[in-house]
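Each structure below appears as structure tokens.
One chain, chain A, links the two complexes that follow: it is found with chain B in the first and with chain C in the second.
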Partner chain A sequence: MIAVDFPSIQNLVEWKNIFGDGTFFAFNKIGLISVLALLIPVALFLFAKKDAVPRGLQNVTEGAVEFVENQVIMPTIGPDGMRFLPLLLSIFLFIFFGNIFEVIPTFNMPANARMANPLLLAILVWAVFIFVGVKNHGAKYFIEIIWPPSVPVGLRPLVGLIETLSVFILRPFGLAVRLFANMLAGHILLVTFGWLCVVLFVPNALAAILPFSFAMLVLLTGFEIFVSFLQAFVFALLTAVYIDSSLHPAH
Partner chain B sequence: MSVLATIATETLELAQEANLTADDQKGIAGAAGAGMAYGLAAIGPGIGIGYLVGQAVQAMARQPEAAGAVRTNMFLGIAFTEALALIGFVVFILLKFA
Partner chain C sequence: MLLAILAADEAPKEVVNPIIPEVSEMFWGGLSFAALFMLINFVLLPPVQRAMRDREATIQADKDAADAARAKAASAKADADDEVADVRAEASAVVDTAREEAEAERQRLLARAEREVAAMKEIAEEEIARDREDALLQLRPQVADLAVNAASRVVSRPIDANAARPVVDRVLNS
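Up next is the complex of A and B:
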């Protein structure tokens, strides 16, 4: 029997405050990563030139804008959704840069593996799609969900209850938990194999497992880069779908 | 359900024989339940995502010009299906650590 002491979950996701310990302005690694995830996209767009022929950095920013335009907005909302481009692009870039710190050495922590960021973004999206619905349809937006006119009268309470729950409660919950749990799971996976690489560095037969855990660590690092991108994409895509359902409610 | 109950009671009986404290017993029962919870939560979404992506690939192979729309809808479907597995993972974390 061998027993490996795995570090407790508190050691994986809680960080000491860098400054302002015990006050409202307490600032730790998660805060630092969130601020960086906010500043890096802003800096990218400030420093990219706006030439007719893109070169260097401008390729990155134009690529990001075109990706959100062609892959997120056009298939879901359509051409009249272009006015939501700034919102969706900001959400996409903020989540992506918050996630990608998971695989950057010395940081090794995705900001979205704590509930605060995903929850705030989900509440923002929740407020936006309700606002868009009320602005375009007035009180009819709520009536269509709570007492759907296209359903037979006998079924309306049931369908209305399910719709109300799924639109106003499960949507933000699902958005927040999806992002949070994906990033936390990825972080724990990386820690597990990184930790195995350390504790198996012993002068006996157990060290034979080390190459496999190292290979897994390398593979999973690549996979987590992909997941960071995919989760940012999925969050932006679902935001666009929810906004679309507020613009054009169910028939 | 009865299997889960049996595992829980067996674990608790073993724990009482070994003279463990209440906190230890709670930890053991939590760990056993957590492993079971995540294992069960992964079955459905696993089947669902496999079926979903398989059908999406088939659709793309049959109609390559629709690949863009199919891919977007595939990611949407994966996001909704995967949510169940992720809630299972959150339950795992809560049972194990909280």
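Up next is the complex of A and C:
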């Protein structure tokens, strides 16, 4: 029987430590990508000129800033939300550069295909939108979620329970899982077709599948570039939506 | 080598759920994100926003200047149009006045010419009448002689010309 060996899921997502084995600061490929997701945007912003007429890198940095301003903040929070630009821009860039390593040769792994970063960012967003709600409305923020005033009194316990679960549990869980699952699925697809391209390079009948695998690999690489951007955008957009719901809970 | 990039060489010894986050990965992710947020918030974003604001202000100032220049040009054009209209009206008035004056001069010259023609015609008529009168006076004796001769032939006897003169004159005068 003709068959190919396929690595287990653990081999696809878990990497050997480069240093600090067994410690809380053990540094593996995911740690390296996280650090690069910090260094690349920093380098972009540092090396971009601040001329009156933007060229080259300046277009990239200003494009990113304008994108977050016009496509994330303005449609959700509005002009009031500009004070959250540093946070939303950081989230967008950190997730995007964490994701894009999925298609960069020799890395071939998105940092967000591991639960650590998505969970960390989701907890951060959760803390931020609760903080914003309490800062702007005090205890009324919690009361309006637990005991929604616009709902008939008889339904308030049920709706309040659903709202409480939705806002405080499902929001951060959804944020983390959406990003993690999308990137993990994309990573598994890319590895699957990449793996097939390598192992099917054999002098037997299985080689007939090779062109199909290669075409799919090329196609999915392009698609995953788009997904890397899209997931960063969706995460930043939902963060802005949640912050807006804390600023204006009646909406 | 190529396969090692796509997947780890050997499976980790301890099998863990891939959904459970690794503390060390969270540590590096948290550290990196915190550093990125701090740098963007305090160091990297302000100069970019300043450059964007300056550019926007420059563009707005240029736009305002262009609007002002456009308004000024429109005002200058309106002034020029008014001036052209005034000049045209003035020119039209000058032409009308000239035309009226020319017409009056023409009428004056025409009247003078008619008067002159009438005077010349009167003089000519007087001359013609005088010449006719002169011619009649010159012809009258000859006509009288001819008439007397003719009458004497008709009656076959001589007629006294002086005696017949009043008759002849009366005929000629009638």
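Convention: the second predicted complex is superposed on the first by the 248 of 251 C-alpha atoms of A that agree within 3 Å, B and C clash if a C-alpha of one lies under 4 Å from a C-alpha of the other, contacts with A are read in each partner's own complex, and residues count from 1 in each chain.
Here is the rule we use: a contact is a pair of C-beta atoms (placed from the backbone, for glycine too) under 8 Å apart; a residue touches a chain by one contact, two chains touch by 3 or more.
Note that the structure is predicted; figures quoted are calculated from it, not measured.
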{"item": "Contacts of A:9 with chain B and chain C, given as first, second, both or neither", "value": "both"}
{"item": "Partner, of chain C and chain B, that touches more residues belonging to chain A", "value": "C"}
{"item": "First, second, both or neither for A:155, with chain B first and chain C second", "value": "neither"}
{"item": "Which of chain B and chain C A:237 touches, first, second, both or neither", "value": "first"}
{"item": "Partner chain in contact with A:120 - chain B first, chain C second, else both or neither", "value": "second"}
{"item": "First (chain B), second (chain C), both or neither touched by A:89", "value": "second"}
{"item": "First, second, both or neither for A:46, with chain B first and chain C second", "value": "second"}
{"item": "Touching partner for A:108 - first (chain B), second (chain C), both, neither", "value": "second"}
{"item": "Residues of chain A at both interfaces, chain B in one complex, chain C in the other", "value": "8-9, 180, 184"}
{"item": "Residue ranges of chain A in contact with chain C within the complex", "value": "7-17, 20, 23-28, 30-31, 34-35, 37-38, 41-42, 45-46, 48, 50-52, 54, 58, 61-62, 65-66, 85-87, 89-90, 93-94, 98, 105-106, 108, 111, 114-117, 119-121, 124, 180, 184, 191, 194-195, 198-199"}
{"item": "Residues of chain C touching chain A in the complex", "value": "2-3, 5-12, 15-16, 18-33, 35-37, 39-41, 44-45, 47-52, 54-55, 58"}
{"item": "Residue ranges of chain A in contact with chain B within the complex", "value": "8-9, 71, 75-76, 174, 177-178, 180-182, 184-185, 230, 233-234, 237-238, 241"}
{"item": "Partner chain A, residues of chain B touching it in the complex", "value": "68-69, 72-73, 75-76, 78-80, 82-83, 86-87, 89-90, 93, 96-97"}
